[in-house]
Each structure stands twice: as C-alpha cells, then as structure tokens.
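In the two complexes below, chain A is the common chain; its partner is chain B in one and chain C in the other.
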Partner chain A sequence: MVGALLASAILLISTVFVRRRGTLVPGRFQSLIELPIEWLAGVVKGTGGKRWAEFAGLVIAIFLFVLVANMIGLLPGVGVIGTVVETEHGEQELIPLVRAAAADLNFTLGLALISFVAFVAWGIRANGLGGYLKELLIAEPAYMTPLLTPIHIISELSRLISLSMRLFGNVFAGEVLLAVILSLVPLLVPIVFLGLELIFGFVQALVFALLTMTYITLAIAEHRQHGTGDAHPGEAPDHSEASPAPSRA
Partner chain B sequence: MEFQLLAAGLAIGLGTIGPGIGIGIGFSKAMEAIGRNPEASGTLFVPYILGLALTEAMAIYALVIGLILIFAVS
Partner chain C sequence: MNNWGIALDLGIRLGVAVMIGFFGGLLLDGVFGTRPLLTLVGTAFGVAAAMYTIWDVARKAMRR
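For the complex of A and B:
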C-alpha cells in the first residue's frame, strides 16, 4: 500500500511541477513527462473510436500509475527493509515497509474494479440501461438465450478476475523469480533479470491500460455486434480450410 | 500436503503449455508480418500486445489455481 501511495505521490508532485513551470516549448523534464502521455493518447485516438477523448484520461492515468508502481517495486531496498514478526507457527516472517504495489492482490483488484465500473458505466451511458441489459441477457438468435446468457455473464465477470490476476501474477512471479535468481547466482546474473522486469513492468502497465480501453470501446460500440459474431463461425470454416490445405499439399 | 504441492506444480506446468504455444504462434506471425512490411510495426504493436495479454490470461488462471492449491486449501 505504501508503494501505491508513493506512486501516486510521485505522479502528483510531477503534475504540480509541470503545471507550475509548464512552457509551450517543453524542457527536458517536461518532455519526459509528456512523452508517454502523448504517445498513449495517439494510441487511444487510433483505436478508441469516435469518443476516444472521453476515456483517454482514465487510460493514461491507469498506465502511468501502474508503470510508476512497477518501477518503484524494482528499486533497491523495496521489499527488503521492514520489521520481523513471529507467526503463529513460531517462524520468523519479514513484513516489508515498502513492497511492489502490484504484488498485492488488493491493489490490482482495486484497479480492476475501477476499470470494470468504468466500462459497465460507459456501456450503460452509450446504449441506455435497457440496451445494456438486453445486450447482456438476450442472445441474438432468441432460442440460444439459455445457453449463451450464462457464458456472457461469466465472461463479463472473468474480465475482472483476469485483469487483476494478470497484473498480480506477473509482478508477483517477477518478484519470486528475482529472489530465486538472487539466491542461486548473486553476482551479475540478476542484472539481466532486473532488465527483464523493467520491460515486463512497462508491458503489463500498457496491457492493463489497453485492455481497459478495449473493453470501454467494446461497451460503447456494442450495437448488436455479437449477433454477427455468432453468425460468422458458420461461414468461417470455408475460408480457414481453404487456405491451409494447399500449403500442406 | 505433499500431493497438494505436486498438484500445484502440475497445474502451472501443464497450464503453461497451451499459452506458450499460443504466444509463440502469435509472436512468429507478428515477426513475419513485420518482415514482410516493416512500416507496419507501429500499427502491429498494440494489437500484438493485446493478443499476448489475452493469451497469457490462460496461464494466469493456471497460476491462480496453483496459488489456491498451495495457500487456500489447508
């Protein structure tokens, strides 16, 4: 939790700094801050559809927050300095003062809840409550409803689980990997894995933000797209069987 | 308890086979596409990352089952 607070503190301070000293022609520090924002805004503009500007702020905020939180988790001293507590089994356990924020399921689940509420709310706002419920509960060929509706609901809810678990799993597995490598080969080799973790931290922040954006875009654009999606597999085998067959022969 | 650990190991071990193959296929196709059309690398990046994330979710489910087996089932 301290890690998450630190991340938001860093973001807030840099925001205030840039707002105070912001110039039209950015200096070095200002362009460092503006670079990821402008890049991600371009990505959201390219794939977010007509109403991209409404949710670009949320996507960029999630990206920056997760990115800074992941980077804090890689700093030396994080996850190592803390108090030692005795557990009920008599073993000693270290409770670190600051640890990688996303290695805690509460953090990622909270972020995933924000994203979940956002895309449900945008779906309701775009299609109306009736439209959203109709989309969720009634399948396109009406006789398929009993079969498809549970799948629909489960897939909506599994977005929440997969969003939170993906970030948690990646960061947690990264921490475990670093610890194992450190205990096996303490010299030089961990540097390679630290570099790997830098890339993973970036990619996971990007993935979280982009998936949020994709879900919101899908929720806004859902005008019976699922019905055509159901119809497609019927004609798809023609194409998919036609192309691999010559290459096999 | 020993079988629990074995089950967790099997869950993550077997569970990563499929996503591994899937990510490999996706990556090889992306590289192929960039090789044919190097200017497309910018537009390919975001869909590729998204596909990678969705494929990887399967491995994450296996990880979750493994963690549940180790920590939650007593």
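For the complex of A and C:
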C-alpha cells in the first residue's frame, strides 16, 4: 500500500509541477513527463477508434501509475528494509516498510476492477443496459441460453482475473527472482536482472494499459456491430472499422 | 498494437477460464454438498468458456 501511495504522490507532484511551471518549450523534467504521455496518446489515437479521446486519459493514467509503481519496486531499500517479527512457528519474518505495489494482489485486483468497470460502463453506454445484458445473458438461438450464459459469464470474469493475475505474477516473480539472485551472487550479476526488471516493469504497465484500451474499444465496436443506441447522438457509426454485422452464434 | 495486446491476453485467459469453472464448481459443491458433481460440471463449463474465448477473440479481431 505504501508503494502505491508513493507512486500516487510522485504522479501528483509531477502533475502540479507541470501545471504550474510548464512551458511551451519543455525543459528536461517536463520532457521526461510529457514523453510517455505523448507516446501513449499516439498509440491510443492510432488504435482506439474514433472515440479514443474519451478513454485516453484512463489508459494513460493506468500506464503511468503501474509504471511508476513498478519502478519504485526497483529502488534500493524497497522490499528489504522493514521490521522483523516472529511468526507463530518461531520463525523470523521480515515485514518490509515499502515493497513493489504490484507484488500485492490487492493492488492489481483493484486496478483490474477499475479497468473492468470502465469497459463494462463503456459497453453499457454503447449498447444500453438492456443491450449489454442481452449480449451477456441471452444466447442466439435462445434455447442455447442455459448452456451459453455461464460460459459468457466465465469468459467475462476471466478478463478481470487475467488482468490482475498477470501483473501480480510478473512483478511478484521478479521480486522473488531478484531476492534469490542477490542471495546467491550479491555482486554484479543482479545488475543484469535489475535491467530485465526495468524492461518487464515497462512492458507490464504497457500491457495492462493496452488491454484496458482493447477491451473498451471492443465494447464500443460491438455496439457498432449491433447498431443499437448511441451515447453520442449525432455521431455517425464508424463503418470503416467494422464490417456489416454478422449474426452472433 | 491492439492485436499484440489481445495475443498477450489470450493465453492467460484460457487458463483463468478453466480455473474459474473449477473453483466455482468446488465452491458450489461445498454449499450444496454434491461433491464432485458440480466441480466436474464447473470444470466442463470452464473448458467450454476457454474455447469460447478463443472463438470470440478471433471473431472480434476479424470484424475489426
């Protein structure tokens, strides 16, 4: 939790700094902050469809938050400085003061829930509540509903679990790997693994953000396929991205 | 980039779908005392959901 709070504080301070001291021609610190935002905004714009601007903020926020949280996990002292307590079995256990936020399932599950709520909300905005529930609960042909509804529900839930478990698994495995390598070879060799963890931290943040974007894009695209109500009256359906509606099996 | 994300996602979703079915069935077996019937049914639904996920992801990717 402390790691997540630190990441939030860093992002908030950076935001305040750029808002107050931001210039048209950015300095080094401003460029450091603007670079990932502009890059990811370009990615979202390129692949997020017509309504990319609506969810770009969420995707970029998730990316930056996970990225900073992962980077904090690699700082010296994180995960190794804390208090030693004795367990019920008489063993000594270290309770770290700060550890990598994503090495805690509560953090990743919380983020995945935000992502899940976001793409369900976009699905409901695009399809309407009735349309969304019909898509989820009623199969075509209707007599297949008892068989397909549990399958649909499990498939939807698998998104939530897979988002959270992937990030947690990667970061936790990285933390364990570093601890093992440090205990085996304390000099030089851990540098290689720290470098790898830097790359993995970036990739995992990107994957989490991109999957959130993909799920939202799919929820909106599905609405275009079905041709039901639109949350944005006046906006023409984007036929360039979606072919004429094939029937849902 | 979208397809890249989908490909990374698909593998883990297959395993997760089976696990949800299995543990869901196990939970219901505990509630209704029907062990191992609902565990088997849940696992079957989980496997079916994993297959459905592949088909669904492929279908949506082709639409786009």
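For this structure, a couple of remarks:
To be clear about the criterion, the second predicted complex is superposed on the first by the 216 of 249 C-alpha atoms of A that agree within 3 Å, B and C clash if a C-alpha of one lies under 4 Å from a C-alpha of the other, contacts with A are read in each partner's own complex, and residues count from 1 in each chain.
By definition in this document, contacts are C-beta pairs under 8 Å (C-beta built on N, C-alpha and C of every residue); 3 or more make two chains touch, one makes a residue touch a chain.
In this text the structure is predicted, and so the values were computed from the model without any measurement.
When the two complexes are overlaid on their common chain A, residue A:L218 makes contact with chain C while staying clear of chain B.
Of the two partner chains, chain B and chain C are each touched by A:T47.
Using the contact criterion defined above for the overlaid structures, shared-chain residue A:S155 touches chain C, although it does not reach chain B.
In the superposition on chain A, contact is made by A:L210 with both chain B and chain C.
In the superposed model, A:L129 makes contact with neither chain B nor chain C.
Contacts of A:M165 after superposition: both chain B and chain C are touched.
Taking chain B and chain C in turn and counting the residues of chain A each one touches, the greater count comes from C.
Legend: residue contacts after superposition of the two complexes on their common chain; A:A173 is shown touching chain B, with no touch to chain C. Looking at chain A, you'll find residues 43, 46-47, 161-162, 165-166, 207, 210-211, 214 touch chain B in one structure and chain C in the other. Those residues of chain A lying in contact with chain B across their complex are 43, 46-47, 161-162, 165-166, 169-170, 173, 203, 206-207, 210-211, 214. Those residues of chain B that touch chain A in the complex are listed here as 43, 46, 49-50, 52-53, 56-57, 60-61, 63-64.
In the complex of the two chains, the chain A residues touching chain C come out as 43, 46-47, 148, 150-152, 154-155, 157-159, 161-162, 165-166, 207, 210-211, 213-214, 217-218, 221-222, 225, 241-243, 246.
Looking at the complex, you find that chain C touches chain A at residues 1-2, 4-6, 8-9, 12-13, 16-17, 19-21, 24, 45-46, 48-49, 52-53, 56, 59-60, 63-64.
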